[in-house]
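Have a look at these structures, which come just after this line.
First subunit A sits with subunit B, and in the next complex the same chain sits with subunit C.
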Partner chain A sequence: MKILVCIKQVPDMESRFKVNRDGTWIEEQDLAFRMNEYDEFAVEQAVQTKEQLGTDVDVTVLSLGPGRVTEALKKALAMGCDRAVHIQDEASAQKEPWQIAGLIAAYARGQAYDLVFTGLQSQDRGSAQVGVLLAELLGMVCVTTVIDFALKGTSVSVSRELEGGLKAAVQFDLPAVVTCQLGLNTPRYPTLPNIMKARQKELLVVPAADLLLEQALTATEKMYPPARKEGGLVLEGEIDDLADRLLAVLKEKTTVLRQG
Partner chain B sequence: MDATREIYWNVGHGAALPMYLFAFLAVAVCAYGFYRRLRVYRQGTALARRDRLFERIWRGTRNLFGQLRVLRVPAPGITHAFFFWGFLTLFLGTLLVMLQVDFTEPLFDLVFLRGTFYKIFSLALDLAGLIAIGMLLGLAVRRFLYRPRGLKIIVDDYLAHLSLAAILVTGFFIEGARMAATEIQTDPALAWFSPVGLLAAQPMLGMEAAALGSLHQILWWVHFFLAMGVIGLIPFIKLRHLFTTPANSLFADLRPRGAIATLNLEDEKIERYGAEAVSDLAWKDIFDADACMACKRCQDRCPAWQTDKPLSPMRIVQQVGEIAFARAPANLIETVTTEALWDCTTCRACQEICPAEIEHVNKILEMRRSLVLMQGAFPGEEVMTAVNNLEVNSNPFGLAYARRGDWAEGLPIERLDEGGTAEVLYFAGCYASFDRRNQQVAHSFVRLCASAGVRIGFLGKDEKCCGEPLRKLGNEYLYQGKAVENIARIRAAGVQRIVTTCPHCFNTLGVDYRDLGLDLPVEHYTVFLERLLREGRLKVAPQAFACTYHDSCTLARYADILQEPRAVLKAAGGQLQEMQKSGNETFCCGGGGGRVLAEETRGRRINVTRVAMAVETGAPLLVSNCPFCLTMFEDGIKTGGHEGRLQVRDLAEILVERIQPE
Partner chain C sequence: MEFELSQDHRVLQDSVRDFVTNEIKPIARQIDENHAIPDELVAKIGAMGLLGSYLPETYGGAGLDILSYVLAVEEVSKACGSTGILISAHTSLCCDPILQFGSQEQKQQHLPPLTRGEKIGCLLLTEPDAGSDVAGIATTYRQEGDAFVLNGSKIMITNGGYLGTGIVMASHDRGLRHKGISAFIVDLASEGVVVQRNENKLGIRGTYTTAFSLDNVRVPAGNLLGSEGQGFKIAMETLNGGRIGVAAQALGIAEGALERSLSYARERRQFGQPISEMQAIQFKLADMYTAIESSRLLTYRAAWLKESKKPYAMESAMCKLHASETATFVTHQAIQIHGGNGYINDYEVERMYRDARITEIYEGTNEIQRVVIAKMLTS
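On to the complex of A and B.
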């Protein structure tokens, strides 16, 4: 069985963000990067599937982006993926989901993957489209927001997280694309021997220019931080005291308690 | 009449042959017993402990004959020491007798046990025997009647106490019998130089000469076989510590205190890290178990054990021994349990007090290394999150690394990451950089330096976590990554020396980083400021205040820095009320060993326990010198319900308020 895991390297969400010069994305300077959290669930699930089925499974981890993404790929290899593909693209941040899915599909087509794991969405762009579009382009079944995954033969049963606390049980056959949601698993911490082994694993670099680039369907017009709103008020202290102070604020600064 | 006695009186020189034969046999059994144990020690990995041999011998000899480490706990220590000295005197006396009767007399016709020397000899041995009996009795009363909590009684204890007591008592009765038959009759004045013998002789005074002679012979042989029996028994019961404990002192770790073996992470042939089995530990770790007499001093001082957690450093040492000596070796980590391993705060209280110089902490660290590096395990998810944060942003809070230098905005300190230069590097550490409470400490320190006219710089966003919590949690890989980056930045900054406000940074940069090539002098700010005060460069106006002072484990037990912080306190006008556990015997805040990143899920809270000790002094202020301690105590005061009664502040915060305006 061949499994593909698509991961993205994203800036750490605690970073101090600045909009870049042309106002379409963020400045990369001084950012710390890490593997997209949802993609960690995807890697973990792929590795668990490999462990469940035995050695007859080959897991490829793929990432698109500039040179720095090899760090994320190495982590995925250390977690247990067998080989890595780096679609090298210095301008990946400027590409929109259709193009990114197109580049991945251009590589994956013909590789005969049985199962593709991706994160539900990226933490930075958050479009949640790449996985779905990839399935469309590869002509595969797509199941999103998976929080439970069980494979038996070529049949998969999953639990999907829906809005409002609802869950859906879905069954489908491979090949398929699965997008992973928080709660699916706890990503492992790579062991040192596996970190060492990862250094020896194959890391194939494919320039994005070698792959067919789809036409962009959307364009980012402007990137900006949300406008500042009126300053909020945070009350701190003992519960009893808090209630009184809240009451006072409501009385003084609002009209909600006024009668008539 | 010349004062002396006839050696071999009544037993005759014919006793010499069987005596030496059996003595040889006893020594052979003893040697064989130890020889068999060598095989067990050899299960461990190689470790060089024969360097600096003269220093080792000197240390070992001082510890053995001075009983220095046993004496650290006064009551049982003094009892043990006097027993040792008493028995040693008797042993040396016996050797003198042997020397004279079988060597100097037959060979050179030299008899030295005579005259005044004999009188001194006789009196000294009698008193030594009396002291030994008294002390042995004291030790027995403590162990078998008083039974201190945690002190276990095993068969070995009965055997050792009884056999040693029997040797001592029979010795005096032999003397008594001989004296009853000889010197009490012939030279009563001389008998007074053997007062205990004289006492023992009393019931035998009226006896027939023949019966007395037989009694003496029987006692003599009983005494002899008891003594030989004990010699043969030594390696097989707890008495083995006669050899193993001094030997352990000889093989002690002579590196700076708290030194940890730096793993080679470049060698790709190594596929096993840390200790999962006893055979992954060093031979010395197994030998340690043989030197342990379960005196439970370590356990009594372990902050985890004292707050009802499953960790007992003594038990871990013993478990290593049990597994090493078992026929079918059990899994070390499963036996010790991960809970016990994660509960350690690496405070070194166990190691500091151990009379046998056993190395508890590094055993625990080796097992943690196995857990983290081989299994990717953590004490809890919150720790895994913190470690991931450390990996990405180089601080456990997960805050943007690029903001690491923000705390110093507007302060008189050079940013070495932005082209500034300085001779002294202030390595701020994660807590002073990001934690609001601890930023006040950093601010205070910078202002103190400025007031003393010392130009300092810091690395700003180029500084990373020193890696201490990572290393103590067993994550050597990530630790080395952070350390190597820091060392490169420090070197590039061109500074001459380093000062830290965090004792953990201090110890890591000053001790751990040596293995990775950093060799600049590193100081903790308490030492640094104390010197500035002493030299008159820093001028403060003392204002009286009452306080108690918490020695952080890392300053006190890793670096022996006890006086400087107290001198600074005094200069500030502090009236110090010491807690019961202070100085080298300080009690951990609970934040060491990476525990500052972990939830405390077992037993009572260590920080609350320590805060209660501070409250007990009646002082309204607890002074700390460490960001982990400060954080733990702020929390401990709240959760312990001591708000309003006790406040915790860092030494620098107090001192900065007393700066004298120029």
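On to the complex of A and C.
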């Protein structure tokens, strides 16, 4: 069985972000980068699947982006993936989801993967489209927002997270693309010995220029921080009266007190 | 000349940071208040491979380099100085001398339980009448058949309370001073090893600081480390390496305190502005960061020298000296930036201030570091 995990390297979300000069993306200069949090669950699920099925499983981790993304790939290798593919693209930040999915599909098409894991979305761009588009391009089933995953033979049962606390049980057959929601599993820490062992694993570099690039379907015109909100509401007065007024505000303006 | 961490080092740093954020940071205060690092945490640290970072894979280590070890101790110490020195003392003061001076057999026998974390290591050097003056130790040994018999007392032993593996320094003739000292690998669960007490102390309260008496402790002859009379050299070499670990601990504590000071200064408003916009606070932050970065360069360089098998005694003394004084300075300023809150233990910098202080004392006081540096500089 061949498994592919697609991961993205994103800025550390603790960073302080600035919009870049041409106003279409963030200034990357001083940022620290890490593996997209959703993708850690994707990697973990792939590795758990390998552990469940035994030796006949080969897990490839793939990332598209500039040179720095090999750091995220090495982490995935240290978590237990078998090999890594780096689609090298210094201009990945300027590409939109259709193009990214297109480049990944261009690589993955000939590889006959049975199962593809991606994160539900990236923490920076947040389009939640790459996994879905990749499935479309590869002609595979796609199941999104997965919070529970069980594989038996070539049949998969998953639980999907819906809005409002609802869940959906879904069954499907491989091959398929699964996009992983936070909480799907508990991503492991790469241990020091595994970090060392990962250095021996294959890391294949494929220039994006060697792969077919799709036409962009959308363009980001402008990135901007939201306008600053006015100062909050300050309630003053007697404590009983205050509690009543606060209750009224919560009822009127928020959903926190609504049942079900 | 490269001043950037390699990607491999960053992967390690990132992984340890995740581990620390989830497993250590949430309980750092509890470790201080309970005067104990939970056994489950020690087990997790072992499983993570943090107790054998740069030891070869053949002995159960991770086979990484010394800079990786430094980065790991630094990350851990950002959250908890106690856990930082547990790892550092175990690795530098016990595993390292066995690796450097042990026979093949000794390494095979003693290192795997240490790297797996089944045994926690320590160094038993200090005595009531021998601190800075290492050559003055009074613990004696004599040979009896196929064993050495040790008698004396050892004090302030980090990790001692785990009763794991100890490197014990003893003399067969006190009159010979440093020439009479030998080093032994001792199972601290042996008969005759008696814990007198675990000290109550200012900082790193999660660690054991143990006083032992050694009453006719029989050590198999095969546990002599190096040759007879080589003990003083082993102790000095061991401390040279250990100082890099202490520097990493101090660096981590200082970074932890700066991190908290920065976020506090941005949030705390007085006179209608965040205090981070006041020059008096800004200058503190600038000095703190500059001291931290210079400590980092010294510490990483000492690690690189040791890794490259180049002389590093002076550099390890300098990095320990500078990083420890930086930790004291930075944590002091961190409390000042936090104002009254800094003095109250909800804000953590109070603990860091207490934890920092020891780094100026152990593995050679800073006076001794200056003696070492000056001697090498002027001789």
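One rule holds in what follows: the second predicted complex is superposed on the first by the 232 of 260 C-alpha atoms of A that agree within 3 Å, B and C clash if a C-alpha of one lies under 4 Å from a C-alpha of the other, contacts with A are read in each partner's own complex, and residues count from 1 in each chain.
Operating definition for what follows: a contact is a pair of C-beta atoms (placed from the backbone, for glycine too) under 8 Å apart; a residue touches a chain by one contact, two chains touch by 3 or more.
Given the structure is predicted, the values throughout are model-derived calculations rather than measurements.
Enquirer: Return fit or clash for subunit B versus subunit C, each positioned on subunit A through the superposition.
Expert: In the arrangement built by aligning on subunit A, the partners subunit C and subunit B clash.
Enquirer: Could you say whether A:T191 touches subunit B, subunit C, both of them, or neither, answering first, second, both or neither?
Expert: Once the two structures are laid over each other on A, A:T191 reaches both partners.
Enquirer: Quick one: classify A:T70 as touching subunit B (first), subunit C (second), both or neither.
Expert: Once the two structures are laid over each other on A, A:T70 reaches subunit C alone.
Enquirer: Regarding the shared-chain residue A:S15, is it in contact with subunit B (first), subunit C (second), both, or neither?
Expert: After superposing on A, A:S15 lies in contact with subunit B but is clear of subunit C.
Enquirer: Applying the document's definition of touch, where does A:A150 land relative to subunit B and subunit C: first, second, both, or neither?
Expert: After superposing on A, A:A150 lies clear of both subunit B and subunit C.
Enquirer: Touching A:D30 in the superposition: subunit B (first), subunit C (second), both, neither?
Expert: first
Enquirer: Report, in rising order, the residues of subunit A that make contact with subunit B in one complex and with subunit C in the other.
Expert: In subunit A, positions 34, 189-193, 195-196, 199 sit in both the subunit B and subunit C interfaces.
Enquirer: Which of the residues in subunit C end up touching subunit A in this complex?
Expert: Contact set of subunit C toward subunit A: 7-8, 10-12, 14-15, 18-19, 47-50, 52-53, 57, 61-64, 68, 72.
Enquirer: How about subunit B: which of its residues touch subunit A in the complex?
Expert: Answer in residue numbers: 265, 268, 271-273, 372-378, 381, 384, 387-388, 391-393, 398-403, 461, 476-477.
Enquirer: Can you check the complex and tell me which residues of subunit A touch subunit B?
Expert: 12, 14-16, 30-34, 186, 188-193, 195-196, 199
Enquirer: Any idea which subunit A residues touch subunit C in the complex?
Expert: Of all residues in subunit A, those touching subunit C are 34, 68, 70-71, 74-75, 78, 189-196, 198-199.
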